Amino acid sequence: MKLVMAIIKPFKLDEVRESLTGLGIQGLTVSEVKGFGRQKGQTEIYRGAEYSVNFLPKVKVEVVVADDMVGQVAEQIQKSANTGRIGDGKIFVLDVAQAVRIRTGETDADAL
Amino acid sequence: MKLVMAIIKPFKLDEVRESLTGLGIQGLTVSEVKGFGRQKGQTEIYRGAEYSVNFLPKVKVEVVVADDMVGQVAEQIQKSANTGRIGDGKIFVLDVAQAVRIRTGETDADAL
Amino acid sequence: MKLVMAIIKPFKLDEVRESLTGLGIQGLTVSEVKGFGRQKGQTEIYRGAEYSVNFLPKVKVEVVVADDMVGQVAEQIQKSANTGRIGDGKIFVLDVAQAVRIRTGETDADAL
Amino acid sequence: MKKFMSFSLLALAASIATVGFTKSASADVSIETAFIFNTFSFAFHGALVMWMAAGFAMLEAGLVRTKNTTMQLTKNIALYSIAGLMYWVIGYNLMYADVSGFFGTPGPWSAADPFDAEGMFIGDDAAGYGAASDWFFQMVFVATAASIVSGTMAERIKLVPFLVFVVILTGILYPIQGSWSWGGGWLSEAGFLDFAGSTIVHSVGGWAALTGAIILGARKGKYNADGSINPMPGSNLPLAALGTFILWMGWFGFNGGSQLAMGSAADVVAIATIYMNTNLAAAAGVVAALILTGVMYKKVDLTMLLNGALGGLVAITAEPLAPSPLLSIFIGAIGGALVVFAVPLLDKLKIDDVVGAISVHLVAGIWGTIAVVFSNADATIGGQLTGIVGVAVFMIITSAIVWFVLKLIFGLRPSEEDEALGLDRAENGMEAYPEFGRGSQTI
Amino acid sequence: MKKFMSFSLLALAASIATVGFTKSASADVSIETAFIFNTFSFAFHGALVMWMAAGFAMLEAGLVRTKNTTMQLTKNIALYSIAGLMYWVIGYNLMYADVSGFFGTPGPWSAADPFDAEGMFIGDDAAGYGAASDWFFQMVFVATAASIVSGTMAERIKLVPFLVFVVILTGILYPIQGSWSWGGGWLSEAGFLDFAGSTIVHSVGGWAALTGAIILGARKGKYNADGSINPMPGSNLPLAALGTFILWMGWFGFNGGSQLAMGSAADVVAIATIYMNTNLAAAAGVVAALILTGVMYKKVDLTMLLNGALGGLVAITAEPLAPSPLLSIFIGAIGGALVVFAVPLLDKLKIDDVVGAISVHLVAGIWGTIAVVFSNADATIGGQLTGIVGVAVFMIITSAIVWFVLKLIFGLRPSEEDEALGLDRAENGMEAYPEFGRGSQTI
Amino acid sequence: MKKFMSFSLLALAASIATVGFTKSASADVSIETAFIFNTFSFAFHGALVMWMAAGFAMLEAGLVRTKNTTMQLTKNIALYSIAGLMYWVIGYNLMYADVSGFFGTPGPWSAADPFDAEGMFIGDDAAGYGAASDWFFQMVFVATAASIVSGTMAERIKLVPFLVFVVILTGILYPIQGSWSWGGGWLSEAGFLDFAGSTIVHSVGGWAALTGAIILGARKGKYNADGSINPMPGSNLPLAALGTFILWMGWFGFNGGSQLAMGSAADVVAIATIYMNTNLAAAAGVVAALILTGVMYKKVDLTMLLNGALGGLVAITAEPLAPSPLLSIFIGAIGGALVVFAVPLLDKLKIDDVVGAISVHLVAGIWGTIAVVFSNADATIGGQLTGIVGVAVFMIITSAIVWFVLKLIFGLRPSEEDEALGLDRAENGMEAYPEFGRGSQTI
């Protein structure tokens, strides 16, 4: 199993979720994060003082999938989260050694 | 070392923490997340319009433990977070290559 | 590639970010978390009732770097986040199997 | 037939008689004492109505999404300010000065008080009052109408065209139609009665908002292709509740002050009766919405209770004095109930009214205007409908023209990206709650 | 002995004399002018007390946890509305109409004003006032009593049984005990004095809340098995502070309006003195709580300062006119201090009072009622205790019965799961701050 | 030359004549009726000014960062309470009792009302009023001055030294300088005119705040070594907007009540005119800030609009009666514009004013004081500058001494760690929004 962790623009979340359920994914977990990257925040003026916004709001999607799904999942995320503009985010894939469904105690593939 | 990442129902957090300290675990990290899964949100009505709540509040517990503890840790979490109802969540185990305690610079097992 | 995940004290975030950009790191992702650890929360009194604060605010920094950077990155974080007092936090290193830049589809080292 | 004000005091005295009390013939209250009471009533009740500006600001800030909250506050404080300036520059005189039938005489307002050259009081009329107090009281009303527009069109109209619309609404459109009735023009002659403005203030704002909402279109993502609705819940319900309580309190000024005098026992009894009826109608609106949403949805929708209170208040506004307590309760309950049905109906028509302002101010306003006939013997269905329709036609046509012209000149909507980002970042460059949740700039 | 109102004006005039001023014998203020002042005083001060409904709503919304905030707002706007309707349907007359000694004559209120058939003013009493203004002023008081209950029992009582209790409290229980004192019944004959309602309003709410809290039990998880307490901090302290400021402001209406007249120099001086004393007592309550929490806990507990202000206000309510400034400061300071000690004491007794309402309204209310003897020569310890105990016995027994019946019929508590989830989702189906933190629906 | 109050009523009557109206010679309003109006005006307008305490609390709570919000609320409710006690203990008499020229006679205030031993009204002056009402009205002003200090020095001053400063400011410094003008001392003899306190209240607070801010230093991290500024955005803009609306409303009391009488047609017309002018100036301040920030920054800065409203209000405060509407708009617009420029200027000088209070209350206050010469023929540039400079010198020197002494005794700043942690946790031991975002204790 693999954990696919994607950092995306917040307003793309619904599209990403739909593209993943289209692949048969049944669950995923989302968190609010702040991203620092090549995409520089706008320069804003607050009460006459200029400053640059370093951290931009992003959403982190974490989804654990069977090894053979990783390719499609990453591809779907990459497509559906893409706007072509800087700051679209990243996808990272990590190994998962074990999975358990808390309700039933099922493990690994059955737990997803 | 392993990172045990558990997605649980928020109101189970205290029980989970207590069950882990019972095992001698000295630290863990918690974040607020939203979960999408088999457990469908209720259909709510807001100002006369029906809609279904897709994302439900969950809590993510992350705890890094020595390899030989993984089994007990996962078991304790599974027990203490269990309500038997859909949406109880998941436990994922990932490999950790290295750990450092920032205060002292101690590494690996000593860092936990 | 490796995912370096650091749990630090919130007010150290800017220093950590600067020390990493000093190493040429171009991106990182940050989230708000709560930590439970050896550092016990103060005992507070709310409306006459004493209680101990179990969970303290921490910040989680996640940065994916090429394998050869891991040593320096961990070192820089350890230095810049250090106050020498209990609760400074931890650094965990995890393996990353794959990375994709959503905007361009570039992968692995090119994606960072 | 009320609010003729400075320009038709005799008609006023006559109209008061019709609603149950005449002024005392015994010269028990001296002319100057009455003058003080009357003037103070305008000033005090006007301050209460000014407070409604805060109520609208809080209600709307609570019912929009976080990313548009700063903008909603900006619009509200700006519109109140613009209304206050425009009504001095041109509005008041256009509404009340030498009304010809269809409008008055544009130009800046100036005071004329009953003092001689040495500053001695020379008033000779127990219905007299200070000119500035009347201006102040009339001014705060016009801001109310503009607040309605800001609520409906929230989250997707750019600041500049919105403010230009407010300039025209408060300086020209509102005063012109106001001159027809309160200014003594053709509608007052047609027998149209609207004590404190269910039509003249609330529906006017409602029509402008409805026309605007149709021309502007819904927020992106609000209505799905399959006809289903995507609720966008208000971000801060305590603020919305606070706003409603503020409006409720301010409404004592809105309706009570519209008695336009406090210098006699009859007037002050009228004011107290208005307070009572206003409160009963609002309470009935809440209870109606409570029962309806509880029964229909099995859950009690707080936002509907808040709108219900306002629906009750708007409904009683056309005639807050004459009804018995029981009739006030009835009028308010229907007002609240109408809101509960109108809100989803507008959604079905894909008219996106962010805070429910059309349902509250227009729908309940029409109901209240008609309900005048239940208690005021001088009112006729014909007269009331004439007023409702007359104002509707005028406001729909003129606001449509203004909105289209503004669309041509400035464009009404922000870019899709700016709308997604939120107007706070796009047009204010700042967030309402920068440290909460994902909006934080400090992490 | 105050607030006899329409039904015992002579007694009233007599009682005013006892507190330091008599009405001017010179006919300097005409009967009609006095009538206007008196009526306006009720209307104006009543509007200020109405505003206290917003204060309670904000205070309670700020002191509950986020997940119960929408419900707390719902309860507050609903209870104010219900109180306003019930007091018309039955409450006012039960309290003031032909009081037999133990209660009045139930039935809807209706107005009787001193006008002849032509609407001419025929008042002949300088203490006269418009009937509706009096109704309005009395009505807003009953809502205050109900707000106290909602605060104590927050976060764990279902909406429906709570609202049914409010119906009974505001329509029947409050009016019955009120008839004993302000209605001229047996307590007023026993010499019990409670100027603006430390006992008659605040303790009444407090007893109902205490009884309810015991029957209902504590919030799940509040008290640990080992006797330790698990604080559940209020979710929004700015709201709580706002609520306190609103209540403070509204209290000028609560106490000042309870002079029941403004038509003479003596009355208006009494009102001004009441404003001053009320403010001094509140300020002293804050400072007492500031010093006490600072010294005892080494940290200053804002929620105690807020409660301290209210404790001072409740304490001065039984006699806000007669005390000197220094005595007012003393009464208020003790009121604030009592709250600081009562809050943890109740926790030790495992009585879960979410917002501290029992400490504020009941404990400081008893203190204030007793403190009347320090400044009012007509008050006796015996008379005051009779009132405190009489009201206590009545309220404890009747509310216990009502709570038990409601428990049988509806059940009082939500399911454990619903309580854990929060009443907002369980009974309102919506969140107070849907976009903040983990509650967000948009992510 | 206004506000001589109890101790110089003749001078007062004379001064009213200068601002455009004389009292009616016809004995149309009886002495007692006038007494009631005058007293009620103080009580009513005083209650509105009391409400400004809530306004400052909300404005400041909205403009500080979350981690200092509880402390900011604590400071605000505590300072209002302390002001109210100190002004009774010593302040009022120091300001108004037998003023020698440089200060009055310290000691607790006590009432002297025109009643004989039987409580009969024996007033013989149409400008009479109840003593307590005057005390109440004067008291609420002193709290305003203290609120200004709390806003500027927020987020980095410890509670105890701040509160001790408030004790001295409200008990001694404010009353001494107030005795010079409103108390009838040397400044009033020098022809200095300040109707409602642009200098006497607002600049006084402003100078104390400026002196304090310089001595205290900026918040850690606010100014970078390279001269750039690190904005620390306010955490809750709806609260800040609410606070501004509250202040706006309260200002009708602040300026309107400063007419000091309502017992004649001339007085009530003056009050109404003041309401109008006050509103026009505030509106103009908003529009000025709207246009300026829109043009200069391309984005509209809501916090500047809020400050702009207050700048307009402060500017009109020195003379809210005499100006024409157009002049009021001009005075307010310049007041708002000055704020927009002063805020970044102070930042350039590395003077850290958290809520913009120095720009609003001091800069616009000086402007308003000078602008009196445009409309009040009795005012001279010389007299106005004498007042501005005299108050400045006194306040800078005395507050500097007090701040330095407090620094020696208590230290002014929390430890760096406490400042980073936030004063809420360090000194209150609680959070303002414990459940939102990273501050949550429940997770």
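Note that the chains take the letters A, B, C, D, E and F in the order they are written out, and that residue 1 is the start of every chain.
We take it that a contact is a pair of C-beta atoms (placed from the backbone, for glycine too) under 8 Å apart; a residue touches a chain by one contact, two chains touch by 3 or more.
These are the chains along with the protein names UniProt gives them: A, B, C = Nitrogen regulatory protein P-II.
As the structure is a computational prediction, the values presented were derived from the model and not from experiment.
A.B. asks: Indicate whether more than half of the residue numbers at the chain D-chain E interface occur in both copies; give same if so and different if not.
C.D. replies: different
A.B. asks: Count the C-beta contact pairs for C-F and for A-B, then tell me which is higher.
C.D. replies: If we tally the contacting C-beta pairs, A-B comes out ahead.
A.B. asks: So the centre of each chain is just the mean of its C-alpha atoms; given that, what is the distance between chain A and chain F in Å?
C.D. replies: 52
A.B. asks: Can you give the whole-Å distance between the Cα centres of chain D and chain F?
C.D. replies: A distance of 32 Å separates the two centres.
A.B. asks: Any idea how many Å lie between the Cα centroids of chain B and chain C?
C.D. replies: Inter-chain centre distance comes to 18 Å.
A.B. asks: What residues in chain E touch two or more of the other chains?
C.D. replies: Expected reply: 30, 33, 44, 233, 236, 242, 297, 299, 301, 303, 429-430, 433, 436-438, 440-441, 443.
A.B. asks: For chain C, what residues touch not just one other chain but two or more?
C.D. replies: Only 10, 30-34, 44-46, 55, 59, 94-95 qualify.
A.B. asks: Across the complex, what residues on chain E touch chain B?
C.D. replies: For chain E paired with chain B, touching residues are 420, 425, 429-430, 437-441, 443.
A.B. asks: Flag every residue of chain F that touches chain D in the complex, lowest number first.
C.D. replies: Touching chain D from chain F are residues 17, 20-22, 24-26, 28-30, 33, 37, 44, 48, 65-66, 233-238, 241-242, 244-246, 248-249, 252, 256, 262-269, 271-273, 275-276, 279-280, 282-284, 286-287, 290, 297, 299-303, 305-306, 309, 325-326, 329, 433, 436-438.
A.B. asks: Which residues of chain C touch chain F in the complex?
C.D. replies: Residues in contact with chain F: 10-11, 32-34, 42, 44-46, 53, 55, 57, 59.
A.B. asks: Would you mind writing out the residues of chain B in touch with chain C in their complex?
C.D. replies: 1, 3, 17, 26-32, 64, 94-103, 105, 111-112
A.B. asks: For a test of understanding, state which residues of chain F touch chain E in their complex under the given definition.
C.D. replies: Chain F residues touching chain E: 30-33, 35-36, 39-40, 42-44, 46-47, 50-51, 53-54, 57-58, 61-62, 69-70, 73-74, 76-78, 80-82, 84-85, 88, 108-111, 113-115, 118-121, 123, 130-133, 135-136, 139, 159, 236, 239, 242, 427-437, 440-443.
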